[in-house]
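Chain IDs A, B, C and D follow the sequence of writing; residue 1 opens each chain.
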Amino acid sequence: MSEIILEGRGVTRTFGDLQAVWEVDFQVKRGEILGFIGPNGAGKTTLLHMINNTRPPLTRGEIFFKGQRIDHLKPYQIAELGVSRTFQIVKPFPGMTALENVSIGALFGKDKIRNAHWAREKTRSILAKVNLSQRENVPVENLNISEIKRLELARALAMDPELLLLDEVMAGLNPAEIELIMELIIQLNREGRTIVVIEHVMKAIMGISQRIMVMHHGEKIAVGTPEEIRNDESVISAYLGERYAKMRGSDA
Amino acid sequence: MLKVESLNAGYGDVQILWNLSIDIEPGSITALIGSNGVGKTTLLRTIAGAIKPYSGSIFYKEENITRLSQPNRAGMGIMMVPEGRQLYSGLTVEDNLMMGAYTRRDKKKIKEDLEWVYTILPRLKERRKQLAGTLSGGEAQMCAVARGLMAAPKLLLLDELSLGLAPVIVDDLIKVLKGIHESQDITILLVDQDVQIALELASRGYVIVHGSVEMSGESEKLLKNPDIRKAYMGI
Amino acid sequence: MLLQSIVNGILFGAVYATIGIGFSLVWGVMNIINVAHGSFIMIGAYLSYTFYIAFGLDPFLSIPLNMAILFAMGYLIQKFVLNRVVRGSVFITLTFTFGLQILIANICLLIWSADYHSIKLSYSGAGITIGSIVIPLVRLGIFIAALVLTGLFYLFMRRTKIGIAINATALNFEGAKTVGIDVGNIYAITFGVSAALAGAAGALISPIMSVNPFLGGPLVGKAFVIAILGGLGSTIGALAGGMVLGLVETVGTVFMPSSFQELIGFLVLVLVLVFRPQGLLGKKFYE
Amino acid sequence: MKRKIIILGLLLLLFVSVPFALSGFWVRLITYILMFSILASALNIISGFTGYAAFGNMVFFGLGAYTTAVLMSKGGFSFFPALLLSAAVAVVTAVLLGMLLLRLKGHYFALGTLGAAEAVKHIIENLTELTEGGQGITVPPLRGSPAVVNGFFYFFMLLLLIAILVVAWRISKNRLGYAFKAIRANEQAAGVMGINTTRYKIIAWSLSAVFTGITGSVYAYWFSYIDPPTVFDVMWVVKMFVMILIGGAGTVFGPVIGAFILETISELVWSRFINLHLGILGMIIIMVVMFMPNGLISLVTTGRGFRDIIKNLRRSTESRL
């Protein structure tokens, strides 16, 4: 349980004078759900980009996955090792059905199924898991936001990842839909997948995460259990605010 | 102030608003409530003139503005502060603010308004020569609100003010907006995914479901309504 | 000899700057590579030639006329045609401007025939001699006029409301619409300004190059190089890019045959694209 | 499905009968159109399927043509070995250029390929001892009666076209095609899904290059004289893009339909108004881009009746700002 699956040391990314992420050390333990919170522009998404190496690489620092250094690898190589992610701005592949979209994950993920037909067969069960079986032959252009968010999740799952990075999969959903995703995330975690969640929906992230890391202006300001974070002075003054701390405190 | 009558609108073939009507009192703050995708932003954009409706009409100060373009409406004092700020990252903060006054011709008054905006949002004055792209999330949202104010708006449309901001910053923004509303002759129509915040700011609310008005009423009553608390606040 | 070519290179580099500025303006603001930019310059050159033949008008004096005519042409093309496809993909807009280029070439061919025309000014032989270097008066005039145009353009983009609105539209299209900017009109003005600069450049080259319907293609090739060297949307960058190209071309002739020069020009273009896509002076794009 | 097979069979029969039924002029014209169909289909693999606007694709045509011409006229090679080597040259060039250029996006890639094509053209012009430079080079022609020669090139092009259509059709259904489409839609997301984007982009461009290069090789043998301005002509690529636009980008048969429409119009105009030929081509390009940016096929298939087609047309003319 305490094995470290993903670790960052002194991870730093600057854009000109701007310090998007500054000297961040982080550790993700195998089998946990780790929440990432902080205001927009705090560097959460930039950090995810660096883990997948989908943007210009980090300026300084090192990232390890299962002990192997990955910060110089190509995105597809990192994907092959068993790391997959979703995007904050959902990016389904247009001109394909929901099933075809998800089957790409099976075709090119860890399993590398060669045949497009088999990949689609394997994908069906994953669509069922995210409650999209009814919509498998619908072109992605015709899906609604909630369905696209789940499709995005299914696509990442089709790669059969050990580590799943979720960037705001609940943004823009209503409470019922959020609940659905929360349950799904917990279920995936029980199957043994390690999950990192970036989220603004405070209730959700406090509810599902075992640990939470708070970022502010590109720096890590706190790590701890949801309870510790809720009562952390620096987090309250920089991010949550007194009103929130009180309000949510009384709810709990 | 603003009267929307049986509005049908959408994007291309995808209709989003269905026969929607609302009525807004001068000087009020009104909130639109509903889950994502029900058409709140579409309604704001249609009122601002960014989307042409299929049918229905929009009256602003008794005048039918349904056929007017967005620049025309901006000139009449209808100004939107869009979701995601939409600032010009490569221009200075001051240039961004001055662009808010794009449709205005009264140079002297624009200068005065700029000074006024700087007094209520002193952070922006400190950063006036800085590029907008270097602002933090909270500052950028303030800059977007300030840019909207530079249009000397009579009707301000605020879309997702609190999205992605630290709750601490949102508290500040709410204070600023309340101050502006008390001191200026301004009507506000807002959308926020945090229903608590929206109804705290507004005196009235419209609940929108599938592109039509499902319910409307005073904010306190809506806040106490158990259905609304369950559906939109997850309590 | 070498010193003389350096002087010539710098003098002509300023004209290249005006060419590059107009081209990179349209690219930077609307994400359109206007392959017809060279054809606009050609039209400018033909206009200056025609004014010279018909009214004896000095090409320098036809600059404002050219600019007005080409502004109107560019404005109308963008307003009524290009605005309809401007949000399309790369190959749609690029294909479109290729079509525009061959259409213009054909029209010029019909009006002015395939002959090579040239303007012989009364003072074309005059020059200032400093030591071993000769600075021809015509080229000096061209240099000054091009610099003045570049300066005016810089002020226009930085100081005027329309200029800032063009910047704003380039940086954030939705944000521009929000504050009531008529983006269709701003696009049309942008294309008009770019065409006007091309018209001026056409007037500037008319006394020193022969005017013919095949001028457009090579000129737009140079516009590519200048814009890439200078980086998009930067006036200073385009000025530097123009100077570099002018120098490379004139100094290059001292060392190698001209057929090699073009080869090297394109190789440089490819290498800069690959290794410094933000241009020689430009900063890395802010994300 | 059955109907499709019957239609395809009939079409094939029709095309096979052309050289036996029509005069030499028509056979040569249709051979020319077939050639453009191949080129447009090849361009469609990198640009339509994968989304990279390769405006410099003529570089492979020119290299294929020149490899064949030089080998046959200077090296004493016969046509088929020369053709194989031309294909190899095209692929190697695509791989090398691809490693350099395929990291560029959008306009930058388009310009990079244009620059590379121009640079290669100038290299060929400067290698005068090998290539005869700018004045062009002659190739030993195919000997035989006109009918046999016409038939040979006609069937060669027809076979090439069938080959590339089969390849395109297979791609549109298999793993490779999914990778291409994913790259076109969103390269970043594709990479995160485990797709080695660099590798698949190079594969796409190599496939495009091999067919373009072979076509160039056949062209050189067919015309038995080539010069750099013709075989590296950028306008050919522009025409291919218009064909792809007319037929529909990323579809299997779109480019072929586009090639037949554009070249037929072109031929009619060419023979009547020789002075206006380029101008009219320019007008056609402008019209196509303005009124049917999604292709003629989408204009017809997204609506069922005539009224829908008119509606689509009208919508496409509305300002999209």
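The rule is simple: a residue touches a chain if its C-beta (ideal position, glycine included) is under 8 Å from a C-beta of that chain, and two chains touch if they have at least 3 such contacts.
None of these values were measured; they are calculated from a predicted model.
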item	value
Chain located farthest away, centre of subunit A as origin (C-alpha)	C
C-D compared against A-D, more contacting pairs	C-D
Centre-of-Cα separation between subunit D and subunit C, whole angstrom	32
Whole-Å gap between the CA centroids of subunit B and subunit C	42
Cα-centroid distance, subunit B relative to subunit D, in whole angstrom	51
Sequence positions of subunit B contacting 2 or more other chains	none
Per-residue multi-chain contacts in subunit A, two or more chains	18
Interface hub residues of subunit C, defined as touching at least two other chains	286
Touching residues on subunit B, where the partner in the complex is subunit A	35-37, 134, 136-138, 140, 163-171, 193, 230-235
Complex interface listing, subunit D residues touching subunit A	173-175, 178-179, 181-182, 185-186, 188-198, 250
Contact footprint of subunit C on subunit B as seen in their complex	48, 50, 69-75, 79-82, 85-91, 95-96, 98-100, 102-103, 131, 133, 147, 151
Contact set on subunit A toward subunit D in their complex	52, 54, 74-76, 79-80, 84-85, 87, 91-96, 100, 103-105, 107-110, 112, 114-116, 119, 155, 159
Of all residues in subunit D, those that touch subunit C in their complex	47, 51, 53, 55, 100-101, 103-104, 106-108, 110-112, 114-116, 118-119, 122-123, 125-126, 134, 234-235, 238, 241-242, 244-245, 249, 275-279, 281-286, 289-290, 293, 317-321
